[in-house]
Amino acid sequence: MTDNISRAKILSDALPNIQQYKDKVIVVKYGGNAMTDDSLKDAVMSDIVLLSLIGIRIVLVHGGGPEINEMLHKIGKESRFVNGLRYTDNETMDIVQMSLCGKVNKDLVSLLGLHGGEGIGLCGLDGGLLTAEQLSDDLGLVGKITKVNPRPIVTALENGYIPVISTVAGGENGEAFNINADTAAAAIAYSMKAENLILMTDTIGLLKDIDDKDSLIHTVRLSGVPLLKSDGVIKGGMLPKVDCCVEAVRRGVKKANIIDGRLPHSILIELLTNEGAGTMFIQ
Amino acid sequence: MTDNISRAKILSDALPNIQQYKDKVIVVKYGGNAMTDDSLKDAVMSDIVLLSLIGIRIVLVHGGGPEINEMLHKIGKESRFVNGLRYTDNETMDIVQMSLCGKVNKDLVSLLGLHGGEGIGLCGLDGGLLTAEQLSDDLGLVGKITKVNPRPIVTALENGYIPVISTVAGGENGEAFNINADTAAAAIAYSMKAENLILMTDTIGLLKDIDDKDSLIHTVRLSGVPLLKSDGVIKGGMLPKVDCCVEAVRRGVKKANIIDGRLPHSILIELLTNEGAGTMFIQ
Amino acid sequence: MTDNISRAKILSDALPNIQQYKDKVIVVKYGGNAMTDDSLKDAVMSDIVLLSLIGIRIVLVHGGGPEINEMLHKIGKESRFVNGLRYTDNETMDIVQMSLCGKVNKDLVSLLGLHGGEGIGLCGLDGGLLTAEQLSDDLGLVGKITKVNPRPIVTALENGYIPVISTVAGGENGEAFNINADTAAAAIAYSMKAENLILMTDTIGLLKDIDDKDSLIHTVRLSGVPLLKSDGVIKGGMLPKVDCCVEAVRRGVKKANIIDGRLPHSILIELLTNEGAGTMFIQ
Amino acid sequence: MTDNISRAKILSDALPNIQQYKDKVIVVKYGGNAMTDDSLKDAVMSDIVLLSLIGIRIVLVHGGGPEINEMLHKIGKESRFVNGLRYTDNETMDIVQMSLCGKVNKDLVSLLGLHGGEGIGLCGLDGGLLTAEQLSDDLGLVGKITKVNPRPIVTALENGYIPVISTVAGGENGEAFNINADTAAAAIAYSMKAENLILMTDTIGLLKDIDDKDSLIHTVRLSGVPLLKSDGVIKGGMLPKVDCCVEAVRRGVKKANIIDGRLPHSILIELLTNEGAGTMFIQ
Amino acid sequence: MTDNISRAKILSDALPNIQQYKDKVIVVKYGGNAMTDDSLKDAVMSDIVLLSLIGIRIVLVHGGGPEINEMLHKIGKESRFVNGLRYTDNETMDIVQMSLCGKVNKDLVSLLGLHGGEGIGLCGLDGGLLTAEQLSDDLGLVGKITKVNPRPIVTALENGYIPVISTVAGGENGEAFNINADTAAAAIAYSMKAENLILMTDTIGLLKDIDDKDSLIHTVRLSGVPLLKSDGVIKGGMLPKVDCCVEAVRRGVKKANIIDGRLPHSILIELLTNEGAGTMFIQ
Amino acid sequence: MTDNISRAKILSDALPNIQQYKDKVIVVKYGGNAMTDDSLKDAVMSDIVLLSLIGIRIVLVHGGGPEINEMLHKIGKESRFVNGLRYTDNETMDIVQMSLCGKVNKDLVSLLGLHGGEGIGLCGLDGGLLTAEQLSDDLGLVGKITKVNPRPIVTALENGYIPVISTVAGGENGEAFNINADTAAAAIAYSMKAENLILMTDTIGLLKDIDDKDSLIHTVRLSGVPLLKSDGVIKGGMLPKVDCCVEAVRRGVKKANIIDGRLPHSILIELLTNEGAGTMFIQ
């Protein structure tokens, strides 16, 4: 019973956090280890269902690099790289669309169902959700979002469904574009005036000293970002992720979090405990 | 961080329980130590707000014996007892009504507010919620419920308020009757087809062996009650409480629980952990 | 039949008045003789139910001085007075809350029920209706309203209930404050953009010549108030009541009326006949 | 002021009657003197607006014999009579339709507007309200109702309009039929499960002794009608009116009243005073 | 089957037009040959029902000169003319009202019913739809619109009815005014922010060369109207119709069309084919 | 202009058909040539958008055999056949899911968008739309529908979206099953009480004499099916399609049509012209 008392106490302690997020939109970009490790995956799905159930309007945006690579490999497609970015020709785009919208997306919806939630799998083509144009001639069908129409997401949320979103967008002439998932999540977040944008990564967060795990920076104001860049604290793969966070907060999202997807239940830790789980960007 | 992982795990474990109670009506009869000990009181209020917040339709029914006694004492009123029950004359009834509806009820509403909830304090007179007739000539204005009209409670719930209810009922000619709070809670529960009726007591629950705290009976089927009575397991003050549970379950409430109000967060333990916190009566 | 024709004619004559007040909010401060004389009380309750029935959104705010005094007397509590105002210590505040919210309020709700109406008894603590702070250190728990949240009243009205309101307000730390009922009625009236604020008093209204009952002033513009004060027409107990009227009209209430509660059906006379029943304040 | 007190008392006395009819449908067949005398006409319009305003769902069905006759006379049309009933040829039907739907109906709507009400003038052709077939070959376009579709009336009522109805019905092939207004009012009343059907006539009601105005029969049960017919109390022009009342009550209307339209405000007398104004038929 | 393929192709070609008008308000002034020729009449009613069915909010405003003249003739009424306009005395106004509101209007409603639509026949008196004042002392009861209250039309549309409107308006004192139907249609169109105002005439439209049917002017900008007037292209009976179009477009209607009512299905041609059917006025 | 008149006449002729299908659910199984020929594909998409626009509740269910085969070929997967049916192992199922849900489905949604419609691409996994179990051990992940939950489809329709559905279903343990598209369309049709089930095929319909294109059987009653089977009129690939039609009609679908998808606009021909386009099955 003692154990139950502590358990109940912990539940009780979550009250102020739940009050804070009730009825708010939270956009989670799901990717990395949290998506490849089955046990982490289960924990994330369970967290999403729980948060949805207690009245938080969760939008799940996912990537799917490994699945795309696996399919490209299977069909023996070799990729051409331009400045380190993969050139997306028509065939590659078909594989991207099939892998993301057909496999990863629907598998996540199915998994949410096993945890008692009801997901609806959408991509940017559904209901005109994401419109894009070509980012650069050099990259083929890699797109840049020009418009977000959140009505399909809102319809899903208002009918009690958890929207799960693949980041394939539609062009003006009906072509499909491949969109970076972090960027898409940020755009969806600010177009819905979300309370939080949460990017799940395979890092602890921003570290003052890259070699010292205890040097985690918990909170960064937008005004502090340039210095962190020039100091080299924000660099490499973190650069585009931080830019997404900055853009989201600059355009109205209250908080943007880079959290460690390798921790089980990191979303719950971020949202329902007092310490949080990574680095938070605020105005 | 490790600690946060366990905390998140515990929150996550509550998922199936929350799914089970989502949108369900749960009537809590609040009384005893949980109402006189300030720290327990805070824990109960916090639990009620939490459960309400995550989508459970909580109805709080309260007693208030100590407050009534204190006021009767203050005005120097001596009570006449009939078969161990206090005869309720007009002056006593006024004190009952003032103490319950004016003091205890509104103080609870105020306390819910401090925990971030919005309560509405009602009694059986409001909106014709409880109608009663005299229980017995010998007891004066002690009443027996003849009709429950749950519309005032439903109106409060549908507008996001937590209904807090004093068990004073109205008679046909406008008189007020004093109603036993356990009985009123049971009547409200079955008139609202509640999922649970929870009676907070100052006991662990039903014990097979009164001297052995580990002999708690976790679940009792209605069919098993007569034997437990004849065996003397159900006796004394437990008798009327068990009868309320039996009546509620017999008339459609899914589960009736006698829980130990002396444990902090006993309501959360009962509803959101797997072990429960006392004795449960089912069909 | 002739008699019925005159009766029907009188009903018919009320048409323009009913048209004028249809769907409007009217806040009635109920007190004085109209509340202590049983026959007047019955007439007021009947009027309130009638007005509610024909589509006027009636809000009943009540005082309860005599009941408070009776209880203070019963418990042998002696009051300390500061500049003629009673110092309200904790024990006194408890008695105020019990008498107003527990006794007077619920008895009025019960009486409305006998006349076929459905009342909901609220106080300023319910749903955060009235927030207050200390008026002055010298007066203890006498409060000054800092915020009115009319949602609990609106919820009651929209569900067909007549809200009956005790003027006890909540402080920031959960304490209760005693609020002057005229002031509270005025604050509720302007926060709800009421059409009328009606203060029931034990006077005919403002008299030009205090000794001449026929010198009633029917209408006063706000701009005329200072002169009436300097002329001594507004003085004594009328001063605070007139100030409530002035404040209400200044902040958007269309009309504020001081009417003679000693006349049976004075509210109907004011609202549904052409002559009105006392003194009216307008912009 | 004394006078105002009596006036208010009379308004107050109407409370139970208003409570009884609140939200109920009452179908009034308007005709006879009440329609030709301008002062009576004003009183009726005022009553209709008042009743509508206090929440009674009033449906006004009108005749218009005098106006039809005047137009037939103007165009020099001579009528052929069959068993005392006018044969309605196409030209006559056109005049009926023009007079009723174009003149009488819209003039009533206009008059309601002058009294502050909002009327919508409909006939049986609008929205398929009344469908009919030929009553008899001998009578041309005189019709018998085969179907009532109350949706156009309900739409008007739910949007706050007072429906005013001319009793011209549509046939299967688009032809128009002339319908007796009493019969149509009865059919509308039972198809809407009305509380009352009120037929305004130029008589006091049913008199036991035709020469004794004090011998008015206030209430007749359906079972008593045959005897009143065989005794000759119901005869002549009263016969079809009584048959309408009987049919309406038999098919679910609670009360059918034959009232004296020559009395000003006879509808108010019937509905809002205790004595009523004519003869009432009940189950 | 080949034929069916072409038929289906034609239906399919209408898609962009239907998309353009979906949920938009279109006010059609119906008159002239299209109203006197039975086969054209059937085609118009069928078009109206079709357009209503596919989600266009059609408002049908009609004239009725021939019917008025026929009735005036029947009663032997001679008209006095002032500057070529008929003086409308009370008797004439009665005939106008009867013919329009009672005969033409309800016959159209009936005809819509035969084509499977549900019409509601309204005039400017219903629900205060059109308010007017005297246009000139010299013309008697000819009126000028001072206010349009579209609520009765909107109520009909929202309940799935096709509103059919006679252009008789109410004056401040309850008198009725005769209103030019083109003018009324224009006023209704701009008060409802209509997409189109369509005036059905007995002309092809504006012809550059009156003798050359192929010289039809398809589109006129408001800025081009003065020149067309000074050039004599707009003259005679076209002048007031063009003025209605100009006024409507100036006050917010997107397009105003003068179409040839002598062509069967001219409304469908205008709205659902690419070429249109007459002259269109735009900003 | 003459041409426009014929065009308008054809639109007008569609009125009774549109009236018949307004607000009804029509499930279209899309496949075969109509899906591989780009021009036919455009025509189908345009038809679907048109029908949706005029108020018909269209549900588009699609197959995608060629796309699946192409992908299997690309990855060099060889299929094992059991009694002529392909054994669906996990890898094959992944390809099925990717091709159908990721490629075919989203491309159709995109194409609908180009024609001005708003599609939402769903599969049986979304919102628990289709639940299935294994059809036979011999076939691997080929499934048999055990439950249809139409809420995701209804949500899409009620929000103005055209639901496009891939027939992949979810099993109890989260596995995905491949479902025959005709069967799934039939199950969705009867679970939604559709008016029509339309199966697009590459045949004219049922021919009495297989060599005589003019021997098309237009209508078949369920009772006539056994004879047509024993006579060999229904055979081969037609057998399972007819069985789907029979099952749908037997369980409440009004009409099931096998139409010739090779004709442009065959859906419009079937629904909006009088002759229809293939063979119809009715009760």
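Letters A, B, C, D, E and F mark the chains as written, and numbering starts fresh at 1 in each.
Keep this in mind: contacts are C-beta pairs under 8 Å (C-beta built on N, C-alpha and C of every residue); 3 or more make two chains touch, one makes a residue touch a chain.
Note that this is a predicted model, so its numbers are computed, not measured.
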Identified repeat of the D-E interface (over half of residue pairs identical), from E-F, A-F or A-B: A-F
Most distant chain from subunit C, judged by the mean position of its C-alpha atoms: F
Separation of subunit A from subunit D, taking each centre as the mean of its C-alpha atoms, in whole Å: 69
Subunit C and subunit D: spacing of chain centres that average the CA atoms, whole Å: 44
Separation of mean Cα positions, subunit F and subunit D [Å, integer]: 56
Gap in Å, rounded to a whole number, between the CA centres of subunit C and subunit B: 35
Junction residues of subunit B - those touching two or more other chains: none
Topology of the chain contact graph, where touching chains are joined (line, ring, star, complete, other): ring
Subunit E partner contacts - residues on subunit F that touch it in the complex: 1, 4-5, 7-16, 18-19, 22, 43, 46-47, 49-50, 53-55, 115-116, 263-266, 268-269, 272-273, 275, 277
For the subunit C and subunit B complex, residues of the former touching the latter: 71, 74-75, 94, 97-103, 105-106, 109-111, 113-114, 118-123, 125-128, 151-152, 155-156, 159, 161, 168, 170, 173-174, 176
